[in-house]
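Alright, structures below, take your time with them.
Two complexes are shown next, each including subunit A; its partner changes from subunit B in the first to subunit C in the second.
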Partner chain A sequence: MVTSIGKSIQRKDAWEKVTGFAQYTDDFPTTGVLCARLLTSPYGHARILKIDTAKASAVKGVKSILTGDDFKELHGPLLLDRPALAQNVVRYAGEPVALVVAQEESVAERAVRLIEVEYEPLPVLLTPSESLSQGAVLIHEKVTGYKRMLTDIYPEEGTNIASRYHIQKGNAAEALKKCEYIVQKQFSLPPSDHLAMEVRTARAEISSDGQVQIMTSSQSPYAVRQQISGAFMIPAGQIQVTVPFIGGGFGGKSAVMLEILAFLASKSVGGKAVRLIITREQDMAAPPSRIGLEADITIGADKDGKIQAAQMIFRLDCGAYTDISPYMAKAIAADCTGPYHMEHVLCDSLCVYTNHTYATAYRSFAHESYTFCMERVIDLLAKRCGWDPLEFRYRNAIHAGSTTPTQVPYTESLIGDLRKCLSRARQLSLWDAGSRTAIKQNTVKAKGIACFWKTENPPTDAISGATVTFNTDGSVNLVTGVVEMGSNGQTHLAQILAEKLGIPCEKVHVVLSVDTRAAPEHWKTVASLTEYMAGKAVLRAADDLLQQLRSNGSQVFGCPISDIEVSHGRVYSIRNPERFIEFKDIAQGYQAPDGTSIGEPVLGRGGMMLKGLSMLDPQTGKGKTGPAWTLGAQVVEVEADITTFSYRILSALTVMDVGKVINPESMRSMVAGGMAMGMSMASREAASYDSQGVPQAPTLRTYKLMHIGQEPDYQVDFVETPQDDSPYGMRSYAEHGLIAIPAALGNALSNAFGIEEVTLPLTPENIWKASQKEKP
Partner chain B sequence: MIELEGKTVISLNVNGDSHEVMVRPSDILLDVLREQLGLTSAKAGCKNGDCGACTVMVDGWPAKSCLMLAVEAQDKKIITVEGLGGKAAVQKAFVEANAFQCGYCTSGFLMVCHALMTQHPVMPDEIVIEEWLQSNLCRCTSYQEIRKAVHLMYDSLQAADV
Partner chain C sequence: MIPFDFVYCRPDTLNEVTDTFKRYQNENKKAICYGGGSEIITMCRVSSIHPDVVVDIKNIPECRVLEKDNFFLNIGAACTLNQIKESKLFPLLGLACGRIADHTNQCRITLGGNLCGTIIYRETSLPLLLSDAEVTTSGLDGIRRVPFQNIFDGRVRLKEGEWIVQVHIPVWALQARHAHIKKTTQEKIDYPLVNVTAIWKDDVLRTAFSGICSRPFRSSQIEAVLNDHGLSPEIRAEKAAELLPEPPYHDVEGSSEYRAFVFRNTLCELLEAWQNDRA
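Entry: the complex of A and B
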């Protein structure tokens, strides 16, 4: 019986969000809460000679001022390389240098301006290439001296390399020699910002017995607990992290940063409640943003247009500190070929320090960046081979008999069906009607196609959990550690539970905020793994619940448990289905008409730990980083003025193999939203820096996002190749609408203007510059 | 406002009620609504007039409450999302069109759309809708959903008229 799966069930948080009742971290009362503000570095790289806080301290209402001298701890999820406040040196413009705690925001802000800092500028490195060049200054003096939190982080002594991952499958160098067609390209893509509409913020309070309360706009409440516990030697149970609604995350709120500062701020004022407020401008410079990427790719095909081999070097611009970037380098390495059959692969993926704002996960964990590079060279290779770009991809699509770059054998369940996606995309985009058409003088319509795939890179032992309790009306409450940041995972989990219990989804109430003491640990709300990880835990909790209902039923009906059925919110014996008990009368235990109590209250719980994942072999890269893949094809059509290099994006299509469409409208809108984010990023967004590493556009007025009226027509379609071990066969999908959009737009524009060297962002100016270089 | 420094009591008419609040001359309407009246539907996304998340309705027109001083709002009728009461056409339309994800920009969009309908009781051209909505940013949706919500809002109005 289908009650919920496959239906466009309305968001569980819908009415809270349209009535103003949905509360975000900064919406909680501020009465009696002190305010903290940050002073950040104006230099990209400089030694701190002196910090004078005397004038600032004299401001009435200032409670405390903190600088890097006050702490020795270092932070980070993988490599402990980042101080909470700069210690002796600033490594990026925007790095927190001092923190003021005051009675009111206006006082804190005034005091921040009165802190005097003397800097001595140091040489600035702004690209991975610069950082890797001979004699480059070391951004971190001894990168090998930092504590590693996981064993697969490989900093290289005496360099700016924080980690490196190596993939070697077959013999790429030999195979390339035999290729008929070769494409060799270099790429340099700039960093950009997540720009979630809610500016990051955190609050902290420490009770006199040492209980730490943190409320934060974070995707990773359990990581906040773990990192604060680890850094300050506080037992994890003494730290309670709560996360209400968060106003968009996109990976940017998976890093732990402001929580540490808020904790230190509270500690400095005797544990009083403190809220740390940063401005939008600081949010764009101080907390982590999206990586930049350099790539050198050589790829070759035989005379029949079959890709034979690829050699790649990726250099991730992780900025001044690593955060999660080494794992993004690993993620790129593990998926480096894209969803294609390639027998010979050689790939080095390096995580390199620069003096940019440090980077963290951004929707799709660096896949959007390497996919841009890879799908550009695939397009160029198709052209060299004389193949239609869609047909070329179809021919080379990963299939049974292929292995991934990390030598995981292809199965449909594990990876999905790219050819089905491509066939559907061909049809829906009217691909065969022509990929470039002149519509009037100097104006052309052009299409571009790109494919993507993605697996995940969680720790191999990541966990999730769920608990389910009954209300007296027979409805249930579902509690997980999943953060609600827009991706609607909670509604999908409710659907999974409703389906399993055989009750309508309205009867499942979800707890939308997370409290680390009340909800079972869920690794992080990242990597689109909510439905897979928490979904599995929910199914187990449901099984547990059903078993207990059966047990109560067998006692009430006096028959063996095996005779008891549970469905439609009722418990009955298969021998006499007419006599049933509704959930509301049996879920809290049963009271017989004579008052006898029978059974026990029903409380469901389920947990799951990822299984079967491994770290990559350092020599060959062999291993499995994530539970499964999701793949798809995307087509973008533009109308371009070939004289002015301006263009309008007309339409964009995604066909994605999601395994199972459990909520058509929710999933369509999530994918369309990803496409929109990718379109905005690809067409206009970049963090631009001057030669001294100072951000040039750190406000929303100068860093332009796409607004209404600029959006193309978005179309989303799904292919369903079930992932066998996932709830109802569903694959991860929430980030993926973004991945190949920059590449598809780049391919469309390359096609429109006849230019090979297109780069991000795809602004008319950048396209014009490329055209000048390529002039015959 | 006699004192230029320190705080002064002013009266604000918000969602049909009159409130006395203590403000500095430099206090922005957004902060006063949120911190003194507990009306947190209006959000601070940039405090620079660039994102529209703080949009409220002032005398029937949309206004960015981060660009308006609280003292400027005296003698004006201010409506926030809390004042829509949960039954407004625009709220139903946004739910039906799935026109939000994280919900942070939603209050601003609701108020600009509600004001649009106040000023244009009959659905205007698409270009007018775009002009009204283009100073509000949404990072989650594709904007298609928000556009659809505007259409549904006008559809429901028509249906009610019949």
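Entry: the complex of A and C
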């Protein structure tokens, strides 16, 4: 019976959000709450000679002022390399240097401006290449001295390399020698920002008996608990982290940063409640942003247009601190080929420190960056081979008999069907009608295609859980540790539960906020793994619930459990279905007409731990980092003025193999949202720095996002190749609409303007520059 | 937020404004005019300015005027960009107003604010430079009326305590043939890489520019070249680019070289359209 799966069920948070009643972290009352503000570094790299807080301390209403000298703890999810406040040295412009706690915001802000800091500028390193060059200054003096939180982080002594991952499958060097066609390209992509609508913020309070309460705009409440517990030796049970709605995360709120500062701020004023707020401008420079990436790729095909081998070096610009970046370097390595059959692969993926704002996950976990490079060379290789770019991809698509770069054998369930996606994309984009057409003098329409795939890189032991309780009307409450940040995971979980219980989705009430004391731990709301991980936990909780309902039913009806059926919100015996009991009458135990109590109250719980994942083999990269892959094809069409190098994006198409479409409208809009984000990032966004590492566009006046009115037409279509071990066969999909959009746009523009060296962001100026270089 | 306190005054007459400026000048306090406030808020937030007093001029009748007499269109400094655009009284100025910021801000930003602000583009100045506009100012020495170009060299040059009350545009310019071409980096609502604004008076082309250099300007040398019909549009554009008063502006929105490229293209576009019309 289908009650929910496959239906466009409205978001559980829809009404609260459209009416404006939804409350975000800093919307809660501020009465009696002190305010903390940050002083951040104006230098990209400098020694701190002196911090004078005398004038700031003298401001009436200032409660405390903290600097890096007040602590020695270091933080980070993988490598403990980051102080909460800069200690002796600042490594990026925007790094927190001091924190003021005051009676109110204006006082804190005034005091911040009165803190005097003396800096001695140090040489800045602004690209991974610079950081890796001979004699480059070391951004961290002893990178091997930092504590590693997981075993597969490999900092290299005496360098700026925080970690490195190596893939060796077959013999790429030999295979390339035999190739008929070779493409060799270098890329250098700038970092950019997440720019969630809600600026990051956190609150903390410490009770007199040492209970720590944190409320934060975070995708990772359990990581907040773990990191604060670990760093400050507080038993985890004494820490309670709550997350109300969050106004967009995109990975940027998966890092733990302001929570630590808010905790320290509260501690410095005897545990009083403190809200740490930052400005939009600080939000763009101080907390982590998106990575930059350099790549050198050599790829070869035989005379039949079959890709034989690829050699790749990726240098990921992680900025001043690692946060989760080593795992992004690993993610790039694990998926480096894209969804293609390649027998010979050699890849080195390095995570390199620079003096940029440090980086963290950004929607699709670095896949958007390496995919841009890879899909550009695939397009160029198709051209060299004389193949249509779509046909070339079809020909080389990963298929049965292939293995991934980490040598996981292809199965349909595990990876999906690229050829189906490409066929569908060919049809829907009217690909065969021509990929470049002149429409008037100096104006052409051109299309570009790119493919993507992505698996996840969670810790191999990541967990999730769900609990389900009944209300007296027979409806249920679903509690998970999943944060609602727009990706609609909560509603999908409700659908999964409703389907399993055989009740309408309206009868599933979802607890939308997360409280680490109340909700079972969910690793982090990242990697699009909500439906897979929490979904599995929900199914197990539902099984548990059904089992208890059957037990109650068997006692009421006096028949074996195996005879009891549960559906349509009713419990009955298959031998006599006319006699049934509604959930509301049996879920809390059953009371017979004579008053006898029968059975027990029903409480469902389910948990899941990821299984079958492994660390990558350091020599070959062999291993499995994530549960499965999701792949797809994307086409972008532009209208380009070939004299002025300006262009308009006309349409964009995504065909994605999502396994199972459990909510067509919600999934369509999530994919279109990813496409829009990718389009904006690819066409205009870059964190630009001057030669001293100072951000040049640190405000929304100059850092432009794509606005309403400039959006192209978005078309989304799905292929359904079920992932066998996932709830209802559904694959991770929430981030993926973004991944190949930059590449598809790049390919369309390369096609339109007839130039090869397109780079991000794809601004008319960058295209013009490339055309100047490539002028015959 | 603005983390410091300041005095807010809302005078009802021109004299009260002058008195206010005098009073705070004597107290050695910095007073500034407040129209829409968008720039004051921004600049105070980031600590670029620290006014002690803001003088709201929106309650002064002279500053709210938006009407045409026999000789001039008179626009009060506190008229918003959106009011000017929607009045349709000076279409070219309306075009300029309609491309500054977004609609919400166009309903706040005033003509006076755009002309006198610190943001370098001051795009409403271009139609004024081209139309022989005049301004009425009020200051500690009283009221004066002068040609706009006399007090504007890329930014407004006024005496201490003097401020713009109204601008006056001669009626000939209101319906004159015109063009307004604004090129941005990528986003429609943005500062100009290049803004080329043009008016034709008796088939003579007048042009003024913003974005291409660090200040808006009008140049007689450039106009002479652009009106030279013996040369092709490309050559005229090329020569005009050589006559810029300073090297093209360079910032995160566009390099000098690229701005020059866009400048030449934009002029070409303007001249070709003109040439096609004349043919």
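Here is the rule we use: the second predicted complex is superposed on the first by the 776 of 776 C-alpha atoms of A that agree within 3 Å, B and C clash if a C-alpha of one lies under 4 Å from a C-alpha of the other, contacts with A are read in each partner's own complex, and residues count from 1 in each chain.
Please note the rule applied: contacts are C-beta pairs under 8 Å (C-beta built on N, C-alpha and C of every residue); 3 or more make two chains touch, one makes a residue touch a chain.
What you are looking at is a predicted structure, and each value in this text was computed from that prediction instead of being measured.
Of the two partner chains, subunit C is the only one touched by A:Arg113; subunit B is not.
Touch criterion not met for A:Glu180: it reaches neither subunit B nor subunit C. Legend: residue contacts after superposition of the two complexes on their common chain; A:Gly709 is shown touching both subunit B and subunit C. By the touch criterion stated above, A:Gln23 is placed in contact with subunit B alone, subunit C being left untouched.
Applying the stated contact rule after C-alpha superposition, one finds that A:Ser688 touches subunit C and leaves subunit B untouched. Of the two partners, subunit B and subunit C, it is B that touches more residues of subunit A. In the superposition on chain A, contact is made by A:Gln696 with subunit C only, not with subunit B. In the overlay built on the shared chain, the residue A:Asp725 is in contact with neither subunit B nor subunit C. Applying the stated contact rule after C-alpha superposition, one finds that A:Thr644 touches subunit C and leaves subunit B untouched.
By the touch criterion defined above, A:Glu756 lies against neither subunit B nor subunit C after alignment on the C-alpha atoms of chain A.
In the superposition on chain A, the residues of subunit A contacted by subunit B and by subunit C overlap at 106, 279, 701, 705-707, 709.
Residue ranges on subunit C touching subunit A, taken from their complex, read 1-4, 42, 45-47, 183, 185-191, 251-255, 258, 261-262, 265.
Put simply, subunit B touches subunit A in their complex at residues 24, 26, 34-35, 38-41, 43-48, 50-51, 53, 80-82, 84, 86, 91, 94-95, 98, 100-107, 110, 130-131, 133-147. In the complex of the two chains, the subunit A residues touching subunit B come out as 10-11, 13-20, 22-24, 26-27, 29-30, 106, 195-199, 245-250, 279-280, 485-488, 665-666, 669-670, 672-673, 675-677, 699-701, 705-709, 711, 713-714. Listed in rising order, the residues of subunit A touching subunit C in the complex are 105-107, 109-110, 113, 279, 281, 643-644, 646, 683-684, 688, 696-697, 701-702, 704-707, 709-710, 763-765, 768-769.
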